[in-house]
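Chain naming follows the written order as A, B, C and D, and within any one chain the residues start at number 1.
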Amino acid sequence: MSSTTETKGWDRQQMADRLANEFQDGWIVNLGVGIPTLCSNTDIGDRDIIYHAENGVIGYGPVLPAGQEDLHLVNAGGQNVSLKPGAAIVHHADSFGIIRGGRIDVTVMGAYEVSAGGDFANWKLAGQLGGGIGGAMDLAACAQRVFIILEHTTRKGESRLLPRCTLPVTARGVVTLVATNLGLFAPNGGGFTVKELAPGVSFEEAQAKTAAPLTAG
Amino acid sequence: MSSTTETKGWDRQQMADRLANEFQDGWIVNLGVGIPTLCSNTDIGDRDIIYHAENGVIGYGPVLPAGQEDLHLVNAGGQNVSLKPGAAIVHHADSFGIIRGGRIDVTVMGAYEVSAGGDFANWKLAGQLGGGIGGAMDLAACAQRVFIILEHTTRKGESRLLPRCTLPVTARGVVTLVATNLGLFAPNGGGFTVKELAPGVSFEEAQAKTAAPLTAG
Amino acid sequence: MARNKVFGSFAEAVADIPDGATIAFGGFAGPGTPYNLTKALLEQGAKRLTCIANTTGGAHQPRMPDIGMLVENGQVAKVICAFTAATRPTDQLPFTPYYERGEVAAELVPQGTLAERLRAAGAGIPAFYTPTAVGTELAEGRETRIINGREYLLEYALPCDVAFIRAWRADTAGNLQFRLAQRNFCPLMATAAKLVVVEVEEEILPAGSLDPDHIHTPGIFVQRMVKIPPAPEGLWTVRRQERAR
Amino acid sequence: MARNKVFGSFAEAVADIPDGATIAFGGFAGPGTPYNLTKALLEQGAKRLTCIANTTGGAHQPRMPDIGMLVENGQVAKVICAFTAATRPTDQLPFTPYYERGEVAAELVPQGTLAERLRAAGAGIPAFYTPTAVGTELAEGRETRIINGREYLLEYALPCDVAFIRAWRADTAGNLQFRLAQRNFCPLMATAAKLVVVEVEEEILPAGSLDPDHIHTPGIFVQRMVKIPPAPEGLWTVRRQERAR
């Protein structure tokens, strides 16, 4: 873990760290825009992870500091990243061929909502005309695993972990692991299994902030 | 024309020359195995022709003499060819993407039979199980033009220009120009229009050797 | 006689783009984006355009020429892209209010499906099946098919009249090389369009200068190229442009 | 811990190929053909194989290890290729009499459809439409569809268990470069197969030695590589082999 905190719950980097620690040696990993990109900051020892971005960059490394960037090289979030030895570039159709072909071991994405059935919603807000899909539907439908990182509740305090999504879904029944500021959860059909609670968070508090039944893992 | 002859009719190179002289400046041309490959020997002045082969070689030139070959470079007939400046290599799916995408201005192929309706047959002999399609069906269905080169008659003297094909066809209604040892012909639905007769060949002789009605062009 | 594909100015290269054209714009998060051609099209003024791209642009400052500006300039009838709104509620794309007021139409397409539809158009494949978007709002009322026990959505090829792309190196035959993340949609759009116009970063080299094994877009797909002049005439990436000031 | 993908011998690289496997063989008229892996498979002896390739080989002398030899060795149940017979009546493929006697099955596929079915398998596209073969014997009784007024044939993806391919250069990450006409089907088969085994002509270089912009098959698709030793142990092209004697 990159930092410790006295504060209750996990911060953004800790949420990313917790999921990154699930990555297995040799996995090909796609990181979504926002908190998921923080996973590439996590030190996971000598495990060899290949980061893939939608724009066809296979084998990228850390974000480079200002002045050291290569302006021809960005990850899916537009950040100027580095390349690791053994990197390769393909075009967008080949990149999504890799995705649809099932070669991505895990995609980590942000979301507005996750359901007990493993559905998630991250492309369209309530009442919005259109939205922003990007590569999320391709990744969600085709990656071997879908992990989600999101704040446990909205700013109004409403649970983002729900019995069913209220927003239009990105894909159905695909999410297997969810990191929030309160802990690590796995959709189980009827609710969520608590795999781990963040420091200072009790089961009761997590349940109180979750609109679906929690089960001790 | 690369040579003249006292003999009646055209030889193989002359058949190829006659069709090659139809190629227009800037055309992308695919040449089939056998007599059609002789088209690339034809001197057609300063017209810029790009030769494409099914294996993804775009912009090849003449066959190289023994000892000068590059063993990594072959045309569709397996001959060791040269590359012209501006050549590019793609893989087989992209090569047939070029074909199906309609980028080939003309494909020149050999055939067993051609019909008055522009059908032709070049992949399966009578009574044969299976056959040899290669890229012929893709090219025939998708090139802008299909030109055929074939001997006018079989060894038994039977016409290869027919009211209808007797062998399984490669594609229907696609052939616009046919060069044989007797001349240049265009399928016209009811028969063939005579565009040109080879030296020493009379209309009557051509008609006598053709199983479909000929019309003076 | 090899054709001359090298044009002297962006204005000349886009002069005859007609009203009603369908234009694909390369680029993803900066690299590969045809800023200079887009700027020339803003000045040229063609109207009722259909614009195909990953996004309409304009979510970040400083703005560079993008489809959002063509929309603001009244040149766009429809966009086909993977974002019609930003995913972060606090961002707003300049395009979005035009869309919400019904002044511009939009077709929202998952990014991989967009790439594959362009690739299909270039490869003579009129339609294909994909697992993407099955079970979502985007699949409602549309044709699906079960193949080997899984449900797939039918998608159609997306041909274009014109593609605007940006490349790193080129030769006079039109062969193109893209550098790193610049490749993205550019080679696909080049195959899908009837007229391909390229802005090129490096000097355009004589035919035969590029290794035939290392060409990303063969010259047979490319009709027009313009070398990007140094700033202030030529637009580079946002950051390069800033540096050039 | 990066995996070791470099194997010491062809025998080791093919040792666990099971009976009943579907194997794609790269190559077109020589370049890209995995002669050494095919030879090792002849010695390994796996049976009831389905072999996918442009052709079963063997039309010309001197013969090199090919699918026709696997057929003669009793290892093949079925072939899927663009030639089950030679087009010239005077040629005969070694495979053809086995097919005619019903000892081996065959699926004859137009070359472009074969390439596209492999590409589709690698790209997660389960099926697509193509104009090729419409109106021919190969389309009889099969599903077609009219799209924009033209008739197209439905074709399905062609996934493989194993691909045997030959490359020019490689690095330890499995990134491959093919030289000139060697590329042909090889990159497609690499995406379509679960296990990709490569015979490599040049020394296998450390990861990072190859320009990321000029890699034809990314290393994520490649599991096993063997450097081709000099003759007589290693087989090159027919002509190189002759010279090496």
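What we mean here is this: a residue touches a chain if its C-beta (ideal position, glycine included) is under 8 Å from a C-beta of that chain, and two chains touch if they have at least 3 such contacts.
Going by UniProt, the chains are A, B = 3-oxoacid CoA-transferase subunit B.
All values derive from a computational prediction rather than experimental measurement.
*Asks:* I want to compare two interfaces, B-C and B-D. Which one has more contacting C-beta pairs?
*Replies:* Comparing B-C with B-D, the pair joined by more C-beta contacts is B-D.
*Asks:* How many angstrom lie between the centres of subunit C and subunit D, each centre taken as the mean Cα position?
*Replies:* 34
*Asks:* Once you find the CA centre of subunit A and the CA centre of subunit B, what distance in Å lies between them?
*Replies:* About 56 Å, centre to centre.
*Asks:* How many angstrom between the C-alpha centroids of subunit D and subunit B?
*Replies:* 28
*Asks:* Touching at least two other chains at once: which residues of subunit B meet that condition?
*Replies:* Residues 83, 89-90, 93, 96, 99-100, 142 of subunit B touch two or more partner chains.
*Asks:* Residues of subunit D that contact two or more other chains, please.
*Replies:* As it turns out, subunit D has residues touching two or more other chains at 116, 119, 123-125, 130-131, 179-180, 183, 212-213.
*Asks:* Please list each pair of chains that are touching.
*Replies:* Pairs satisfying the touch definition: A-C, A-D, B-C, B-D, C-D.
*Asks:* Give the list of subunit C residues in touch with subunit A in this complex.
*Replies:* Against subunit A, subunit C makes touches at 28-31, 54, 82-89, 96, 99-100, 106, 108-113, 115-116, 118-119, 130-138, 168, 179-188, 216, 236-237, 239-240.
*Asks:* Please give the residue numbers of subunit C that touch subunit D in the complex, ascending.
*Replies:* Touch residues, subunit C against subunit D: 116, 120, 123-131, 145, 147-148, 150, 152, 156, 177-180, 183, 211-214, 216.
*Asks:* Touching residues of subunit A toward subunit D in the complex: what are they?
*Replies:* Its residues touching subunit D are 25-26, 28, 46-48, 50, 52, 58-59, 83-90, 93-94, 96-103, 142.
*Asks:* Inside the complex, what are the residues of subunit A that reach subunit C?
*Replies:* Residues in contact with subunit C: 33-34, 53-57, 69-74, 76-78, 83, 89-93, 95-96, 99-100, 110, 122-125, 128-138, 141-142, 168-172.
*Asks:* With touch defined as at the start, can you tell me which subunit C residues reach subunit B in the complex?
*Replies:* Going through subunit C, the ones touching subunit B are 1-3, 119, 121-125, 171-175, 191, 206-208, 212-213, 215, 218-221.
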